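Next come the structures, one after another.
Next come two complexes built around chain A: one with chain B, the other with chain C.
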Partner chain A sequence: MTIAAVASLSVVRLSSSTRNPAYSSFITATPRNFRFPKDSRSLSLVRVSSTHKIRLSPYIVRCSATQDAELKSTIDKVVNSEKVVLFMKGNKDFPQCGFSNTVVQILKSLNVPFQTFDILENNVLRQGLKEYSSWPTFPQLYIDGEFFGGCDITLEAYQNGDLQECLEKAMCS
Partner chain B sequence: MGVSKEDVEGILTSAMKPTHLQVVDTSGGCGASFEIEIVSEQFEGKKLLERHRMVNAALAEQMKEIHALSIKKAVTPSKWNPIPKVQEE
Partner chain C sequence: MRKMSSKATNLLQPRASRIKQKLENALEASILELDDVSYKHAGHAGVKDGANETHFNLKVVSSKFDGQNLVKRHRMIYDLLGDELQSGLHAISIVAKTPKEVGGK
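What follows is the complex of A and B.
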């Protein structure tokens, strides 16, 4: 991947973190410490902030097999960071797609706490998740670290009660 | 050039051998988004997510061009209960 191609990736800074290649600056002293390789050209998708919230910090990606393993490992941690994780277009306050909005409204109506990630802001995450979930579209709902489904599945499960059951099980575990 | 409704129907027919298939192009003919209803014996014993994955897998090549796919129904013939189109008085 040329520098120009890499630079053309959508890189959006979600927080005021420094572009410090040393990942020690990303790892705060919290119960959830994510270890990242100390390589300035590697991808760091996840940063644990002082408020214990998971924030995405997209950086320039180095294309390699090691990168795929790192990406997978990062996604593993993100989907397990909360009981209910939704990868969507936009965020829970401003969904930018009808399908994503449907899932957000369903989860809000069930009063279940959930974390959202905007895949429009991170193309690496967007493509990585399609492979990770073996699912070609968004939104993608994860419950207790496991892929639950997209909008159609979530809606059907909500209508027949399966979603509520699954959420209850996840919350109690 | 988007994917046509006929392409989707053809692929799903040969892959899933459905007893009922309805494909609607919801992008107004642009081939960007589709709604699918499919009934097939191949779904027997499969959970909801697996059934949807089967449809996705059949359309894997087309998914590169399709923007959105909505699988309204993916059930076995025994679970299929179509709403009658004509109400008899």
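What follows is the complex of A and C.
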């Protein structure tokens, strides 16, 4: 599943998009679809003051505080879009990292439905998630909108039964 | 001048030594085992070719982890290793226990 297409998501309309259609052209949220900016040009202006806008065709870039808030808002919605969300290297069918694969195999063995996002496809998402989760590495597992842990924590929780308990609670809620 | 030279010396130490030093100083660990397993991850997606000291296994036992859940313990360690994570440390597998949990005092 690519970041550009996520099934069964509700409409997300970023409030700034109504004021700035060009900005919304690269952070848009349409029914059943999230799209993150693919390049970091928009984030290269963190040094720009809040009163200054720079037009980079086809993007209009706002101040970094607004971008951060919108990225956070979008990530908020993504982590709450499914009960179990895994940010990983690769995807559930083709993990590209042993740690990510471990978490995928654990979740598959527990027969829980889960959504994966490939952070190798999008550096904006990769860096944004590190800040959002206050966690510098991947994979990152979210259960019911809450950060659960990386590979080590997920493995230990699986071995002592805490993961199964947490998943059951999430599925029932 | 002495401070500058000791800082420069620090940077010349292998990453493993720097990590051990930082964790020992901050966590007062009773057990600290650090293994460089970068060779197992050569060619890993997202890791530059030929990089070493990129992946480590860490076991640390410290009373500072008392009352902390696993996420908090790992965050404590990641916070201490912030500089290393910015400068090439790619991943670290962490086992963080309290002395009680390993059957110690």
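Simple rule for what comes next: the second predicted complex is superposed on the first by the 110 of 173 C-alpha atoms of A that agree within 3 Å, B and C clash if a C-alpha of one lies under 4 Å from a C-alpha of the other, contacts with A are read in each partner's own complex, and residues count from 1 in each chain.
Note that a contact is a pair of C-beta atoms (placed from the backbone, for glycine too) under 8 Å apart; a residue touches a chain by one contact, two chains touch by 3 or more.
None of the values given here were measured: they were computed from a predicted structure.
K.L.:
Could you check whether chain B and chain C clash or fit when both are placed on chain A?
P.N.:
In the arrangement built by aligning on chain A, the partners chain C and chain B clash.
K.L.:
In the superposed arrangement, does A:F99 touch chain B (first), chain C (second), both or neither?
P.N.:
In the superposition, A:F99 touches chain B and chain C alike.
K.L.:
Which partner does A:Y142 contact after superposing on A: first (chain B), second (chain C), both, neither?
P.N.:
After superposing on A, A:Y142 lies clear of both chain B and chain C.
K.L.:
Between chain B and chain C, pick out the one touching the greater number of residues of chain A.
P.N.:
Comparing chain B with chain C, the partner touching more chain A residues is C.
K.L.:
Taking the superposition as given, does A:F114 touch the first partner, chain B, the second, chain C, both, or neither?
P.N.:
A:F114 sits against neither chain B nor chain C.
K.L.:
Touch test for A:F87: chain B only (first), chain C only (second), both, or neither?
P.N.:
Touch partners of A:F87: none, neither chain B nor chain C.
K.L.:
Using the superposition on chain A described above, determine whether A:D152 touches chain B (first), chain C (second), both, or neither.
P.N.:
both
K.L.:
Check chain A for residues that touch chain B in one structure and chain C in the other, and list them.
P.N.:
On chain A, the overlap between the chain B and chain C contacts is residues 99, 134-137, 147-153, 156-157.
K.L.:
If we count contacts the way the header does, which residues on chain A are in touch with chain B in the complex?
P.N.:
Of all residues in chain A, those touching chain B are 99, 134-137, 147-153, 156-157, 162.
K.L.:
Write out the stretch or stretches of chain A touching chain C in their complex.
P.N.:
Chain A residues touching chain C: 89-90, 96-99, 120, 134-137, 147-153, 156-157.
K.L.:
Which residues of chain C touch chain A once you look at their complex with the stated criterion?
P.N.:
41, 44-46, 70-71, 74-75, 78, 82, 85, 90-95
K.L.:
Any idea which chain B residues touch chain A in the complex?
P.N.:
48-49, 52-53, 56, 60, 63, 68-72
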